[in-house]
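A quick write-up on the structure given underneath.
In order of appearance the chains are A, B, C, D and E, and numbering begins at 1 in each one.
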Amino acid sequence: MSVRGAFGELANRDQLWPFLMPARGARVDVSKQVLLYIEDLSVSFDGFKAINNLNLYINDGELRCLIGANGAGKTTLMDIITGKTHPDTGAVYFGQNIDLLGRSEAEIAELGIGRKFQKPTVFEAQTVYANLELSMRAEKGIMASLGSRLTGEKRDRIDQVLATIGLSDERALAAGALSHGQKQWLEIGMLLIADPRLLLVDEPVAGMTAQETERTAELLTSLAGERTVVVVEHDMEFVRSIARTVTVLHQGSVLAEGTMEQVQNDPKVIEVYLGDEH
Amino acid sequence: MISLQKVNQLYGGTQILWDLDLEIARGSVTCIMGRNGVGKTTLLKCLMGLLSIASGSLTINGEDFSRRSAESRPRAGIGYVPQGRDIFPLLTVEENLRTALAAGRSPGGVIPEKIYDLFPVLKDMLQRRGGDLSGGQQQQLAIGRALVLQPEVLILDEPNEGIQPNIVKQIGDVITQLNQEEGMTVVLVEQKLGFARRVGREFRLMEKGRVVASGPMTDLSDDLIARHLAV
Amino acid sequence: MPGILERLEAAGGEQVVPLARALLEGDLYVLEASDALVIGRSTGGDGFALEDPLDGTALGEYTKADLKKLRVNNRVRVQLRGMLARLTLLAKDPAVRERAVRNMLERPDADSVQLLRDAVVNESNAGVAELQWLVIALYDIEHSEDPSVRLQALGHLDGRVEPEVRNALQALLAEGADTPPQLRRQAQTMLSALESKIAFYEFLETLFFGLSLGSVLLLIATGLAITFGVMGVINMAHGELIMLGAYTTYVVQLLMPDHIGLSILVAIPAAFIVSALVGVLIERGVIRFLHGRPLETLLATFGISLVLQQAVRTIFSPLNRQVSTPDWMSGSLEFNAVFSLTYNRLYVLLFAIAVFVVLQLILKKTPLGLQVRAVSQNRSMARSLGIRTEWVDAMTFGLGSGIAGLAGVALSQLTNVGPNLGQAYIIDSFMVVVFGGVGNLWGTLVGGFTLGVANKFLEPATGAVLAKILVLVFIILFIQKWPRGLFPQKGRAAE
Amino acid sequence: MSNLYGQFSALHQLREKAPVFVAVLFAITAWASACNLLLPEDSFFHVSTFTITLLGKYLCYALLAMAVDVVWGYCGILSLGHGAFFALGGYAMGMYLMRQIGDRGVYGNPLLPDFMVFLNWEALPWYWQGFDQFWFAMLMVLLVPGLLAFAFGWLAFRSRVAGVYLSIITQALTYALMLAFFRNEMGFGGNNGLTDFKDILGFDLQADGTRVALFVATALVLAAAYCASQLILGSKFGRVILAVRDAEARARFVGYRTETYKVWLFVYSAVLAGIAGALYVPQVGIINPGEFSPLNSIEIVVWVAVGGRGTLYGAVVGALLVNYAKTRFTGIMPEAWLFALGALFVAVTLFLPRGLTGLVMERLPRREKLKEVAA
Amino acid sequence: ADTIKVGVLHSLSGTMAISETTLKDTVLMMVEEQNKKGGVMGKQLEAVVVDPASNWPLFAEKARELLTQDKVDVIFGCWTSVSRKSVLPVIEELNGLLFYPVQYEGEESSKNVFYTGAAPNQQAIPAVDYLMEDFGVKRWVLAGTDYVYPRTTNKILEAYLKSKGVADEDIMINYTPFGHSDWQSIVADIKKFGSEGKQTAVVSTINGDANVPFYKELGNQGISAEDIPVVAFSVGEEELSGIDTAPLVGHLAAWNYFQSVENDANTAFIKQWKAFIGDDKRVTNDPMEATYIGFNMWVKAVEKAGTTDVDAVEDAMIGMTTPNLTGGVATMGKNHHLSKPVLIGEIQEDGQFLVVSETEDLVPGDAWSDFLPGSKDIIADWTKPVECGNYNTVTKTCSGQNY
């Protein structure tokens, strides 16, 4: 590169400090149609095996439902994928090429893995609007945020999401003042606006009314295809309405996998999870 | 046995409850329903004395509780399972249960065995930290903890959030059992119609901080649902 | 004066021992009315019971104004001691004899050694005899010309650790080439044996110093481990609560001037109560309005600490107050000439451990322990379960404050009792609690002792200032590796 | 949590208020300087040099308080060691001023400061080299606190040291530095520190003109720092910072490298503190290890809390007010001023949870009043 | 003005309040006394008390306040050297007048300051001489708090001891932080150092607060004054009143004044002090005497000059004499330091000192030590023709003046 070129690049406001910029991850290689590989994964806490030799593959563009008894390890699995928890053994790959283990939460998020938490967590002191702005897909580096402006395009996008999650009227309200269900929606909104490749959604409809549940189902179904969605839910009606493939976890490993139909009639699943009613 | 009249409540400047009236009969299972944000949790918190009411009266068993402290409720026999469970995260499961002994309603100051019968998972996890439990386990712990009080009235705020289906059913059964066998009065906030219909005997529909419809569960018509619960 | 003492010794013999002792201890007076020498023993207040210095007959009660004290200086004291040693060499009580011989250890002169040579043949007590032989041997090694006498004398030094022994050996080895090689070899082996022994005792000593410093850290931090560690109040007034405990000790001593030994024991509950009450007052008056705003408690308690400090300055004056050490806490427990443990430190160490154990019992065996943790983790839920949060808060804060008061009692025995007492310790106590891990009492225990011992093992190599700096740097680095201290809160919720 | 909900709108209001703040500051500065320099001493409107130096000192404190507020109020990093950065900036300036003395010291040594001469130092230590150059000293004013903050912050934030743990190790940091600077071997004058300064850039430090110039410079720097901080915190960067304060873990899952954000904010704040220290030293005429004392750092936090945390002007107001109170009280009630000051702190916490500026802001109309819920 | 204002600049809060409050009270007592006598030049004195709160920059601020706002004619104040150093530029700039009543490390002489406490040659060196000659001390522990006064004093002592033939290995130097409270290791070290066969003594420049735990530890580890005497330069009657003195008996201090000195002026002074403070147990100490001398000298100088004008008073001060409280006469030297007797006292059980040695003549204070290489050649002389606080007698130059 010529000296002038190098200088020009340095003088470019958005590029001023290249070493401050987070390295944008390499492109995900999904040539084998599989987006997420989880192999021989185990983790234990104080001797308690929360994930036990788990193997799981999620295809690109799939909508996968993950069910399983309370304490089966579903949330822990998401913790591991998103870098919050470090497993004892095993491998987690994003596509063919990206090893997720050992990466920080932020790096993983940058790779395009978004997450909604079981207990809604939003930035309580900031407005609903700011929550969405912060979550928007953009450069997350220091210089980028110092110079960031809300372009019309970005604003339109936020408005659009606000409408989707039904919080247009609450846009200026501090997120901490929302009701439980509203926070759930806001968090879904934060996930949407981040435009991730893989969405990990932990119990999205808890505390929602039937209609809201339906809307959520529609939303998630519409996302699949372009993106990959993994949903954890205990609401069987909801699962039924969206599921193509269902994986049942039990005591940290896969107990069953298949269509809703198959899983529903699996006696083991009925015993440990569904109960005799279903 | 619980009666609220013309209750108003404000968060700072925003009024949430508007002249709300509510009657809960002894021995009933009342299901409070309404969209997100209509004030169900707020109502329960007022009931529990965790939020002070701006005006209106609240009587429990004929006694005026509108100005009494939150601590007086469990002593009067009211157990509470809050939304979001509010487990003490750093206490063990056993310690979580023991906290409820403070109200002094458990004879001998011991945790009643029946709680472990109802929720066997708690017995297995006695020495684990409450905060480490999975969401559903925490929910069971929260209900168990309220039951340690040996309450006359059990108040549950969306108890099925995040619970696996067979346990949801079990919780339903527990509520029914407690109601029928011990005559426990139950107040339940619930969004899921199926569960509400199965467990509730009475319903109250809320809209914007008011009770807008009430009656026995059998009267909960599709029309009402469409009007007050649909988005 | 010196001349007089020698004449007294020569003339009086053992008879003048009480007189010499009284003079040494500052109990000898001149009765102004008669110009007679008397021994005066204070009877409390201004009164003195007098007795005759020679025959011990009681002479009745007088007041201070009637008496003129005979003052002595160091030089006289040295002489008196030597004189007493010589006079009591044959005393009946073996302990007195031993003290007398010990006094001669340092620089034995020919006369005293001669006395000893006479005495040792009749000595019935083996311990005293051994000591007597030691003095004689030390003298011989230094002064004798005869190698065989010196070699024999070396034998008496075997197994002793007195510094004089080491000095004698070193002196012998430093002599010129005409010292017989055998003697040198013998001295050399003895010296290396002695030195490794001393090194071992020095290690023990340093360890004790470390534990003792650790026990002070533990005491000052334990109260804070409750108010700050468990309740989450950043209690900047903690130091002042310690100070109040120390002042309580002072006041108790004022109230019972004739029972200093007992006063400390009385001061323990008194200080606990005073500090606990003030603590409850602070909690009821200020802290309870700040629930859920832990950082604001820093501001408020900082204000309170200023007020308390100035209040003490106003009431007690800005000067340090004198707190006496009871006899049973003075001096040291001697194992041998190079290893002894000072009593006050030893008691403080035991006291700190006792306080810790009692506190653990309270927190583990009473509902308070559970309830306070519940309240600090989720106040409104605790209330919904019938926990009387207000009462729990007041009691807990009172307990933590009371323990600060106890620390004050201990500190009054070690350091200044003045308005700045609290400030001197507040930083350290936060450091210990955080190092150990907030919310974990065991962490405070281990943390306190670790920092104490580390400090004391560093100090000889680096000096006190650098040792302190290094310990601080160590804490900083430690926290980088273990961001939640030695004993972190574990689990999902702690994140 | 109490003062959080209103924060965001407050921020917007502040953006409107920045010009107001700067204007008020400049008006007072200009007025005081003019009245000092132009009016005769017996004039009723004359502002004494005493007042000018006092104001100058207060403004330095205000800048320092602002530095603390930036990290504490906006990012939740409670630093109990900011006095260290202030003092380091001060020492860098002090070293320049010391070198300026040249051979006018009491021993007339052209190279060694007096304290080195009488403690038998042979040569100037390497770390004193270069400080005879103003530009170098100023560079160090920025660099030394900045680098220390960077190293410290990088270690601490990367290992996710947070909350009280962070507060206490910042305290350990300043405490260790205090003890180190007390040591005469360090070569910074031991507990007497650096003093007996004569001139700065060739201007006599005792001349009224120089004093006024320093005072004005401080005001300018404070205004600049205010605007810069306002810009930074008003940008998306600021909102990320707030997000970090309230839910750091969540911010990480959104994709922000929160430790990087914290480190740079911490460095920025430390540099502000260092500048404050550098401005402070020529005006008060001494820098010594007492400035590193942990209690000093706690006091800074107290100023911020009194003024109102999370609003930059609150920190400024708090610093001015507490220090003015201190000046007044120590003069008019020397024996009882600690009672007054202590009571002030308690009263502010109890009755003005958002600090003094919170009180004023609350009175302002058209503010949404959202208060915390018991939960 | 119809009154003469006297500024009092002593810390009433913070770490130094413990020492300085007494001096504030002393000045107030002197002012009251003088007013009873009719004031100065027929004018009443008015004391202006401020609290610099043990905060060094605040000392400078308060000094400026006293001089420019309150317009005081003289300031009595400061204890620590750093506070004096902090105040100095202000006093010199505004041409004020400061009386500094505490023993200090020397190496200073300002036109605007009168030093009424001891310089190192008036305390440290005579004390060492005493121990060497009368007590046969051969080994020395120089223990001090790590700050400038002990450092300088020890530098001077080290040079002095070496000039007397003391070997390097017979000198142990030890510094501790301010307020050091855990003396176990250091006392154990001293004990070891002293058990090697030579008579050993400790020269302590340990600062106020650290002394109590130091002496307690000495007592508990069984080190008595006969074994290893400690001679202190910062421990006086007032410090002792806060210590249980029983284990300390026989340890020494070197001062220019002891309360126990029997003398009519002293008796009157003690009586007056006890009455003023309303406490029969209160003691007097050396810095109080220094304040007393300074105050009386200032009064005399003002009367001699016939004005409170600083320059005139400064001129009048030099050569001024006033009785001290130990039976002698203090003379203000040309270097703004006093001539003083040096007394060595042993601590008694009642917290008083028994004088065991006293210099025959008054020792003039030496601003610039003869034992430091840097200052050997420097003298202070505020009379014509030199008129300089740091005059190099070799190069014949005057350096570092600020007025």
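In this section, a residue touches a chain if its C-beta (ideal position, glycine included) is under 8 Å from a C-beta of that chain, and two chains touch if they have at least 3 such contacts.
By chain, with names taken from UniProt: A = Urea ABC transporter ATP-binding protein UrtD; B = Urea ABC transporter ATP-binding subunit UrtE; C = Urea ABC transporter permease subunit UrtB; D = Urea ABC transporter permease subunit UrtC.
Computed from a prediction, not measured in an experiment: that's the story for all the values here.
**Student:** Where the centre means the average of the CA atoms, what chain is farthest from subunit A?
**Tutor:** Between subunit A and every other chain, the largest centroid distance is to E.
**Student:** Using CA atom means as chain centres, which chain is nearest the centre of all the protein shown?
**Tutor:** If we average C-alpha coordinates per chain, D lands closest to the whole-structure average.
**Student:** Based on CA centres, what chain would you say lies at the far end from subunit B?
**Tutor:** E
**Student:** Averaging only over C-alpha atoms, locate the centres of subunit B and subunit C and give their separation in whole Å.
**Tutor:** 59
**Student:** Round to the nearest whole Å and give the separation of the Cα centres of subunit D and subunit E.
**Tutor:** The mean C-alpha positions of subunit D and subunit E differ by 35 Å.
**Student:** Using mean C-alpha positions as chain centres, tell me how far subunit C is from subunit E in Å, no decimals.
**Tutor:** Subunit C and subunit E have C-alpha centres separated by 31 Å.
**Student:** Between subunit A and subunit C, what is the separation of their C-alpha centroids in Å?
**Tutor:** 62
**Student:** Tell me, which residues of subunit E touch at least two other chains?
**Tutor:** Touching at least two other chains: 12-13, 146, 175, 177.
**Student:** Which subunit B residues reach two or more other chains?
**Tutor:** 11, 14, 50, 132, in rising order.
**Student:** Going through subunit A residue by residue, note those that touch at least 2 other chains and give them in order.
**Tutor:** 45, 177, in rising order.
**Student:** With touch defined as at the start, can you tell me which subunit C residues reach subunit D in the complex?
**Tutor:** 228, 234, 236, 286, 289-290, 292-293, 295-300, 302-307, 309-311, 314, 380, 423, 427, 430-431, 434, 438, 465-466, 468-469, 472-473, 475-476, 479-481, 483-485, 495
**Student:** Provide the residue numbers of subunit A that touch subunit B in the complex, in ascending order.
**Tutor:** Per the stated touch rule, the residues are 45, 48, 67-72, 75, 118-119, 166, 177-182, 185, 203, 206-212, 215, 234-237, 272-275, 277-278.
**Student:** Show which residues of subunit D lie in contact with subunit A when the two form their complex.
**Tutor:** So the residues of subunit D in touch with subunit A come to 1, 4-9, 232, 235-237, 239-240, 242-243, 245-247, 249-258, 260-261, 264, 370.
**Student:** List the residues on subunit A that touch subunit D in their complex, please.
**Tutor:** Residues 20, 22, 82, 84, 104-106, 109-110, 114-115, 117, 121-127, 130, 133-135, 140-142, 145-148, 172, 174, 176-177, 190, 194 of subunit A touch subunit D in their complex.
**Student:** Per the contact definition, I'd like the list of subunit C residues that touch subunit E in the complex.
**Tutor:** 26, 71, 73-75, 77-78, 81, 163-164, 167, 171, 205-206, 209, 212-213, 216, 309-310, 313, 317-325, 330-332, 340, 342-345, 413-420, 423-424, 455-456, 459-460, 463-465, 468
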